[in-house]
Structure formats: C-alpha cells, structure tokens
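Here you go, one structure.
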Amino acid sequence: MTLSSSPHTPTLDAVVAAHAALRARRPLVQALTNAVSTNFVANVLLSAGAAPAMVDNPEEAALFAGVADAVLINLGTPTAAQVESMRLAAAAAQKAGKPWVLDPIAAGGLPWRGAVAAELLQFKPAIVRGNASEIIGLAGLGGGGRGVDSSADPAAAVPAAVDLLAHAAAVSASGPVDHAVGFVGGRPMLVRIGGGSVYLTRVTATGCALGALSAAYASVAPDALTGLVAAHAHFAVAAELAEANAKGPGSFAVAFVDALDAVDEAELRERAKIEPAVAVG
Amino acid sequence: MTLSSSPHTPTLDAVVAAHAALRARRPLVQALTNAVSTNFVANVLLSAGAAPAMVDNPEEAALFAGVADAVLINLGTPTAAQVESMRLAAAAAQKAGKPWVLDPIAAGGLPWRGAVAAELLQFKPAIVRGNASEIIGLAGLGGGGRGVDSSADPAAAVPAAVDLLAHAAAVSASGPVDHAVGFVGGRPMLVRIGGGSVYLTRVTATGCALGALSAAYASVAPDALTGLVAAHAHFAVAAELAEANAKGPGSFAVAFVDALDAVDEAELRERAKIEPAVAVG
Amino acid sequence: MTLSSSPHTPTLDAVVAAHAALRARRPLVQALTNAVSTNFVANVLLSAGAAPAMVDNPEEAALFAGVADAVLINLGTPTAAQVESMRLAAAAAQKAGKPWVLDPIAAGGLPWRGAVAAELLQFKPAIVRGNASEIIGLAGLGGGGRGVDSSADPAAAVPAAVDLLAHAAAVSASGPVDHAVGFVGGRPMLVRIGGGSVYLTRVTATGCALGALSAAYASVAPDALTGLVAAHAHFAVAAELAEANAKGPGSFAVAFVDALDAVDEAELRERAKIEPAVAVG
C-alpha cells in the first residue's frame, strides 16, 4: 500500500468486489486498540469476514505486523508499553508493505498522545479514520494550522482530511454522512457514504471497529481509498439493517454484529449509498 | 461537590429532576476502571445519558480530570501504572471541584489495593459505592474497627457506611435493597432503594457500571446523596424492565442496556422504590 | 490436583455429577486472561455456575491464587507485568494444590510467549487447553519434535496432546469434535466430545471461556480429565441450544451465555455427545 494515486474512483462495483475479496481471503488484522474496544473490534472483524489478533506488546508487535495482512493502531487508551508497540508495529508494517490504519482518538486535544500521533504519521498509514473533530485535530498537529474544531460535521473536516493526504493514502471523517478523501488520477477526490444509524453514536467502540474493518479492507482492495469506502459502506448497510431489529442501544449492538455477517452482494447493491467522487482541495 | 450536608432528603421528585439534568447535560465521565468492565461501563453510560472516556494513563489522567465532569475510580484490576493514574486523577478532581466516585473492589481483602484505597480516601470522593462486604472492608481499613464481614446484607454495612462519611459525602452498599447514606441537615440519614433484579448478580461489571452512573449523576445533582440515590433508582428501574425481557444472564445484559435508555420520568415515577430517609448513626 | 492417573474413564454420569458439584459449590476462578476475553470469560463463568475474579497484577496474583479454587492462565495478550503475575500465580497454585489451566494461545508461533509457556509448564498445570495447532505448537516447544502444524483437525493433535501429559494431567484440543486426553488406570486415554456449533468459531474468546470453565470444573471434579470433559460437554450442549436461537454471531453470543445457565442435568443427558474413552499413545 503506497501513497500513489488510485487509477479509478471507488464505485459500487469496486466495493462489491472488495467485499467478495474480504470473504474469500479472510485477512488477518493485528489490532493495537484501546481497552474499551478489544472485544467488540474482534467480534466485528470476525462477523464481517476477517480474522483478528490483538498482539500489542513490545516483544511481539513488530514480528506480528510482518505476519498480519493489516494493522490497526487506535489511540483510545494508550499506555507507555502500548505506545512503544505502536511505533514498532507501524514501522514493521511500513517496511513490509502492509497497510495500517491510524485512529487518532482525542489526539488533537491531549498533548501526550498528540505527539504520539504526529510521530506515527511518519510511518505512512494507508488510512487515517476518525470523527470530524479528530481529523481536524490531527491535521492541526501537523502544522496544517486549522487547529481543533469541535464541529461534528464531517463536511467541515474535508480540508483537514485533504491536508492529511500528505501522510496517508486515504482519510475519512465519520458522521451522519461519512466523508472519505484520497488521490484518484493524481487529484484529491471526495467520496461521501450515506446510510448508517444514529445508534452507532450510542454504542461504544463503533468507530474503533470501523477503523479495524478499514484495515481489513485495505489489505484486499486495489487501493486504500476503495478499501476505506468499502468498509464505510459495509458498516453503514449493516447499521441500517440492525436498526430495524433494535429496541435500544444494547440490542442494536447485537443486531449490528449479526448484520455485518449478513451483508452480502445483494444487500450492498440494494442499500449502499456511495456518492460519485468529486474533486476537492 | 463538598462534604457539606445536603439541605433536603432525596425524594422521587429530586431523582426525576436529576434524571432530567443528566439527559440535558450529558456529563462526561472519566472512568479509571477494571479490565473486565471497560466496555460495559462505557455502554451503560452512553445508554443512560452520559458520555464515557477511559483515560487512565499517568501522562493524561490528571489533565483529563480537569476536563471531565466527574471521575470514576474502580479498584477491580489495578496495575501499578493505573494506580499512579488514580492518585493523579483523584487529586486533580479534588482540586478542580469535580465529584469522583471510589469503587473499592476487594479493598478489604487484599492488602496492596487496600493501601491504595485508604490513600485515595484522602482525596475526598463525593461517593463511595460497593457491595456490603466491600463497604465494611473499606471502613475497617480506616481504623473503624469493624473489619471484614462476608455478609451480603447491605443493612449490615450501614454502620460502616456511616463511618466512611468521614471521607465521602455519600456512601452506598448495593444489594437486594440498596442502602445509601449521607448527611442531610447535618445529620447522617439512610435512604433505601428497592427494585432491581437478581440477574444483576449474574452479569459481570454491573456494580462497576452503577459506580460510573453514580459519578455521572453526582455531577448533575444538587448534592452527592441525591445523585447517588438517583443512580441507584435509574439502575433498579432499568433492571426491573430488563428482567421482563430476559431469558437468561446474556439477554438480560442486552435488555438492561436498552432499558437504561428507555427509563424516562414516567417509568421512574411508576416504578422507582425510594423509601423516605431515616436518621442513622 | 496431581498428575496421578484417574481411576475411571469419564462417563456421562461423571459429567452430570461434576455439573451438580459446580452448581452446588460455585468455585472461584482467578483468571489471568487476555484483554479481548476478560468480560466474556467473566460472564461465561457466572452464567455456567462459577465465580470469576480477574486478579492479574504481580502484587496480588500469588496471594489470590491461594484464595481461589482454580486459576486460568491464558497467553492471548501477555504484557511483561502479566507474565510476571502468571509465574507467581502458577507457582502459588501448584504449591497450594489448586488446579490451574494453561491456554497457550499462539505459543508455538511467537517465540517470546513460547518461552513463557514452556516455563509455565514447569508448574504442572492440571489442564492444557487449546485448538489443534496450539497444542501441536506447545508440544513442539517442549522438544517433542512434532513442531508447528497449521492443521485445524483436533485428531492430528492427539499425539502432541499425549506428549503434553508429561506436564499436565489432562490436555484437550478443541475443534468440530473436541479431543481430550489423560491417564486412566495408568494408561493414556482419549475421550472425544461432539456437538457444539460452528458459531463458536465466529465469536471471539469462546476458546478462552472454555479454558476458564475447564478450570472451574477441575476444582469440583474427582480428576482433571473428568473436569475437562465436563467443561467441554457443558460448553457444547450450550452452544447447540444457542445456535437454535441465533440469527448470526452477535445473537449467538448472547444466547450462548443464556444457555450456559440453562443447561441442567436433563439437557446434559439428552444432548451431551461423549464417546467412550479409548487407549492412545
């Protein structure tokens, strides 16, 4: 996975193909993630069609990044040892040409982890995924100058996301409509993905799980932007299916894991809301 | 939140008002909690109407306590680094006037964490919450002389809970009928809260989640005792609703998270079992 | 729990008796387990009829092993501090005559934890439980010479499991049909347990939970092999019941926790698939 431009814009056909590749290849995702999300991230990966492994100690993190198909690094609850593991895993993934995803939780608001996030960007993640304020906050750390913005509107994060394309092949800001950017044919392009469910904001670690699924897709898609859009689309369709069976946040979470498994080509073609790519930046 | 006496005894009207304040203000709760409970605590807070953040490393714990509305410190699975974070967060919360809750799991039975708990009491928690033997055990550490008692009857823990009012504004012992104590009009008073479900003892981390919800309520209620009683009442009503939809401990846990969201003023007024306060100690 | 031979082969009657003992005695299981599994392991133990405690710091691990009825040591996500705790807990359990279970996740494939696993075998676990390749990998570490095999067929792991009887009283490899070995009347014997559900491979930490349940049963059964077979049978019957109520991996996990509680003597007698023991090795 390099920062090179994608030859094509992500389309529904490309997403369907990535989904088929995920199910056929069952990529192994090494997740260095926060304490809140470990179980949910693992179950989301298993249900969607990937295999999880939470190897996050400094003794094994680099070795395992060479074995895994993709790596997730999530800054939710970093410890000193886990941060050392993150450095090692990101460096090993870069060296081995494995895609890795950075989920920069609260990096813009907490200086210690902000410095960690800025350092990790040097290892060139395939994807950066966060909510709007996290993407804006991370870009601000890099000298982009936009600083921290508490806005929850992903549209407001698009300029920051484009700035982050200096470090990552594709960047997304999650929200009511997800916004993903990447280079296509040498130009920065934006793809918006609709759908989903308001319950995604009422269950913890859903964003973390989307980051993990993005890593899985990045390892089977032809380019990072297509993988990222496919992960968002699979997630949003599953959330829409789950909401129909939910009585509240607890039953939504259960139905969502069921739905990630149930989403197939037909569901994607019927329900995925992927807008045509438009030039930005 | 100070140790000063509450002006009024907690009533159903006061609990309903605290619930409305929780939903309106959506307080941010920093949870330094055990490894078993992180995901469940976060989902309980989200569903009940608060916002969770599990910032528990020494580099960020104090800074975040100044940002959060309340702090939970739970001694279930302490590590050396987490204990250092607990000291920093408790001190920062005290300094910033933010309410914090101590959940002293097994502090009376394990000397290492017992010493940690005794030290943390110096930072004046708004609330101490535990089961009966934990409250008795913690009071024993403080020289109250009652020592450890394996009794599961919260009534037996009331004298120990009153002893702990030397350190905390309000103290509760969970059980079939929850017992909460605090100063009202300068006198120690007891409020008993009934309801709940036997399934609460068959699902892990329910007590931890109640501690976290108590922290959330402490930040929006007029005093710690009212907040504590409101948390117990919200919890008990949700458990009663959930039990009606449960086939076992697994489906109870899911229905309980749904029910925490569903509990509104009407449910509280119909189902909450809050006895009038009585003088104790 | 010693390495001495069992006097009888495990039968359905013996499993039913062990189940009754589990429910009557509610053993306390200390679980030093991976970050992904903590919550699920605790809920499985609670629902099946045991009591969990996740004490895994070096300051308390040995002390608590003397208090607990059994100990689980799971190598899924080891940290340096947790590994130190594992050494202390295993040594304390051996000294106190408490059964302990080793779950050697990935020990055959990752040298650092492989060395930890080999060292822990010196403290004589009552039970080693893993999937087929983990059992083969662990035996290979001990110089058994069979090395790592990626086969998922538990039958292929039987020779390795027999090799491990030099260290443990009973050893099992999980799979579509579980294979458990131990000495009976001085001879190594194999017991196969059928049933279960394919969903067990689609939910994270099910194997970890089976290891924990094996520890619980080892503390109430007359010998380690009987306890191990009882745990596998209870697990498989619950999984079969759960699959009938599952719409996908998410609802299976919930129904499975319900079913672990619901499994009683009648369900065991109707559904458990325990083959007669046969000599091996």
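Letters A, B and C mark the chains as written, and numbering starts fresh at 1 in each.
The definition used in the following text is that contacts are C-beta pairs under 8 Å (C-beta built on N, C-alpha and C of every residue); 3 or more make two chains touch, one makes a residue touch a chain.
Everything numeric here is computed off the predicted structure, so don't read it as measured data.
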Interface numbering overlap (same over half, different under half) for chain A and chain C: different
Rotation angle (°) superposing Cα atoms of chain B on chain C, nearest 5: 120
Rounded Å distance between chain A and chain C, as computed from the means of their C-alpha atoms: 35
Junction residues of chain B - those touching two or more other chains: 35, 38-39, 253-254
Contact footprint of chain A on chain C as seen in their complex: 34-40, 76-80, 106, 109-110, 112-113, 202-205, 247-251, 253-254
Chain A residues touching chain C - in the complex, by the definition given at the top: 35, 38-39, 42-43, 46-47, 52-57, 59-60, 63-64, 67, 81, 253-259, 261-262
